[in-house]
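As structure tokens, here come the structures.
Next come two complexes built around chain A: one with chain B, the other with chain C.
== the complex of A and B ==
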């Protein structure tokens, strides 16, 4: 009996395998469009589409599970009575080429959308999904997942994890659906030998050594547990935050949303859920104008403390996955790494 | 911009004048902030304490409308400190002696008093700018929207030439264009006195070339400027007007006149993506396709012509502006109005506009477009302007003298009103941004910035509605008490039709550019009595 937890897939067999997988589910993978942007999208024609495993997808998986705008229900009024039509059911979907950070983010979202009760549309999509990750042998310039404990390779959470060993993939299976797939398509794979194990370990060590950014995430979390952040830091950061919400929108773990009713006409309307951002002043403004998070001071405070302090207290882990997307999007250069740097270098100096 | 946007990051000194860059040009603001993080020095000239002014090492909070006095003072200090670039001046410029003699006759204390800035601070800023060989000036509408706007720009150019801070990477003079394609519109001669590519209307060779392609004579005399057209009055000589993507009923100064003019036009057609306040006055409205529904190019501040491909088909019966124009042209028996594709239109542009000579769609699709001048197919585009020579040959120093704004505060109207874009969330007359619920939620209503000193004197609470009046009109507006404006100055945006602030602004304009003085007019503000 061979061990079905870990197998080797020759690169020649990747497309044949995906072709089989695609028969039972939608296949979504990163593809570079003609403008040079790499984005996750559905693969219709597997031979005519080149899957891009060399660039970081610009958006995370978030839009597939929590769309930027989704209809929760549409309603019709007949004789003063409301009737609701729930949204369409999710389809079985396999995501291929997902990076470790983005899967970690999804596991965090699972937690958020499970309390107090499971969010129906989120969990419908989630239950119909299988994630195949690709370990990062070469971190991207803004990445720091090593510091957030969400990469470059993963220990759990995936359906399948692929590690690129050059001419072949080292494939590990997670519990449930992933292991089933491996079993079902076993004839594409071969067993793992000692050399494969060695190579995987070697690449893992090399990948860990290739991060260009040294972000002291754990240090920052511990500091935040004990100390309050000096006001000058908030002052400096908030002066440069222009409240565009870009960081929240690209962040794979930002899950703030608002629900609006969109009236189409006298008899029809939609209940829609859209992304929101805690840095937006309107998000917390109450009727009468009072705002517990004043834009000039508290917008970023809420965001950074949530990621690094409150989530650390609640879940034992910061909810930043080190994907680095917020770094390039920020107009003011006050992304989370700026905050961590200020916090860990400035307060260190004090006796 | 004479520079490319990315060059700003490599500058050593950035002088930002009349620009609230982080709010109005956030992408460029990001470059400036990165430069500051890389230890560049930032000087901001602005009467308001904007976010970028807070980042500045030196903030010169001048009295509105005194830019020339300030820059003349800086130039005088540069001469006194022997920081002028003599080699650049002798090789590349002319008329320096006249400027030098004029500057030597000025009294620095007097200039400092005019601007309201401490002389030592001006001295510090002047030396900082002049000592670096990688100094960049970014300016925006705070410089141009004055009755002396052209002279303001000339003063800025003098300052750059005096220190040799042009012609090379990381140093130049950069007007930041306020709308995504206003550079392209100007390039395509949406200006009264030129043909596409800033070619002289009166040049016989130019006329001939256009005549050959267009099949008819080009106009021989310059047309009218925008403000001249919208302020012509009820019996102006314009009989018909076609307004595209513009909302002058909110955006032009002295609105009562604009409305009066448009209402009395025998024929008005408007094409826009939404039914704007201006479109409501029109006899015919063309529903136009938005940027996402059509192909085309957008030319940005750094002269980069970028392809903007269609993302979705036009909704309902909307048509791209080019189709609307072609259909109109055909009905007016205008030859050549039968382009099949946008690429074909670009081919004609390349043929007739030398600076766009090599801008073909296939080339633009690569590498995020090309920067003009791009003379032919093999030309790589131009990163920064004025290397080796200026467009006119030698750079010409022209003396600029301080002149007071058209209106200065007086007993009846003791405050100075400055207008501009008020927030990150709304754009101009908000015809588009107010369609977004999220943006409306973030910035729901017009606000008048009032300094604490003034609000104390008038016994105003934060958020209280006041009556704001000028010689031309009155509006009611909610106040916000802030240190962003100086005492005696108030600021408001022009985003909200409920508070048409341009009813108050003045239509006095710069004699050359015809740009109205949106930045300065005298107003009074009064508590509103509640019954």
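== the complex of A and C ==
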């Protein structure tokens, strides 16, 4: 058993607990804005803000660890001297209401940003973070985390995992900070009894039975291990990709980035890291114009093969977490599930 | 070694004009206590004020350290900007990055260098390195031959370096694609020089130049009987981090900045490399 401790938190105690936690760290949780969009944001006033645990957050945790735009260094040019200064350190932050798929994505990002050495700004934020997840009792319409092994509940990786048992939460603590937190605030919790255990297990089975999408992720990975994708599939997908980069931006595991300079004035500037998308036409273009990728045929090849082939080869697991966000964002209808369907249904036709 | 995102300051000590388009920038780290070592074939991420970064091969030999040469052709915004800089100005460098040429396997080998244009830059590092080792060790290399193609006589870069190599026993054969001047040498593509080279089992070929040149040279070397394990080239890709994270140089499951840029032909054959596929 990886969980060090399991406890029960009455829902009446949730806000008092979060209020205590907020004294020592920034608190980030999903909140619905006036346009009806649920997004993670910092909670300043815990009593005046309603945390939305009913809707799927539209963005993952990615922006908090790999911001859409961040400063890697400040630079100064004075009398021919050209020097760089690293950015300020991160603050302690607790994330509450994170879904299983998004924590799985974060664990994947930990892997990506640990080689060849730990990425300084990413790991600074990561080391200052504690993640409290909420297991999904009711998958959302586009979800397929069961097929990617990243939900609906998790076995490890979280600081704390909350499971909604109706009037109370079943709380599991991970190693380190999560267990410490549970110990520190023990008076908010009570011991787990047999009924709590059974209810949790019952809800887990029910959740697994409620997925409406059947995406053959594992089948696709095994097929890609052995076979080359027919060119027609790439061409068909490329025709409907409009180079918007939406899929890569909403994807919790798309971590490709660009680094550019932002000029502030003649003597100062910032070295900026921004999100990039391998689907965009300029991604591989070099100075002088040579481009080793033919976008008209292979716009999506890199993205899908990276997630389902190369990461499967390297880590034994695809780097799609089944969050389903790319399904809604793609107006060409060529998200990863379209590719998986095209690839896997084609096999069945062949003898 | 600088494998972070914060560049180390370096001073431009000297600028050597190679031709209209190419110059060699001789750099030295300002902070001499930063450990820095590299092998031929590795590259740096070069920062130029207000222009960001670009991946540039090191064109000098590690034996010339603490001086580091970067030979740069005007190709885009950053490379044009460095051509306006002067000795005494500062640039930023990170690295070195990437896998080098397998110089440890060059003992007693006949080295054949085939270069086109600025493609001579990374090979220059190997030639200088091997010449240094030949001067101190008996078996460093058996022989060295350079086949070097340029567009026109005016495009020939590294002329004085080539003259020096010739004096030190490197068999240098130059050719130009076309000429309008009183050029006395070979006219034709660099591949035209290959048939005159006596290729043996002992040959290791190192090829660098424009993608189309690499493709034809490799094909011809294979046809002449050179094994896939004895042909090496270095790939050029758009790069942002140099550390295998940013994704730009991803090539069929490999990262050119970490797994390359130097690849043997046997490695390239297992990958889907667009330059060589058509």
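In this section, the second predicted complex is superposed on the first by the 346 of 351 C-alpha atoms of A that agree within 3 Å, B and C clash if a C-alpha of one lies under 4 Å from a C-alpha of the other, contacts with A are read in each partner's own complex, and residues count from 1 in each chain.
Methods note: contacts are C-beta pairs under 8 Å (C-beta built on N, C-alpha and C of every residue); 3 or more make two chains touch, one makes a residue touch a chain.
Not measured: the values here are computed from a predicted model.
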First (chain B), second (chain C), both or neither touched by A:339: neither
Which superposed partner A:188 touches (first chain B, second chain C, both, neither): neither
Chain B versus chain C as contact partner of A:260, first or second or both or neither: both
Chain B versus chain C as contact partner of A:120, first or second or both or neither: second
Touch count on chain A, higher of chain B and chain C: C
Touched partner set for A:73, first chain B, second chain C, both or neither: second
Partner chain(s) touched by A:153 [first = chain B, second = chain C, both, neither]: neither
Common interface residues of chain A - those touching chain B in one complex and chain C in the other: 260, 276
Chain B contact footprint on chain A (complex, rising order): 34, 239-240, 242-244, 260, 274, 276, 280-282, 289, 330-333
Chain A-facing residues of chain B, complex: 22-23, 26-27, 29-30, 33-34, 37, 51, 54-55, 365, 424, 437-438, 441-442, 463
Contacting residues of chain C [partner chain A, same complex]: 3-7, 9, 47, 49-54, 75-79, 88-92, 211, 236-238, 240-241, 243-250, 253, 258, 273-275
In the complex with chain C, residue positions of chain A that touch it: 72-73, 75, 77, 80-86, 112-113, 115-117, 119-121, 255-261, 263, 269, 271, 273, 276, 278, 283-288, 290, 292-294, 302, 305-306, 309-310, 313-314
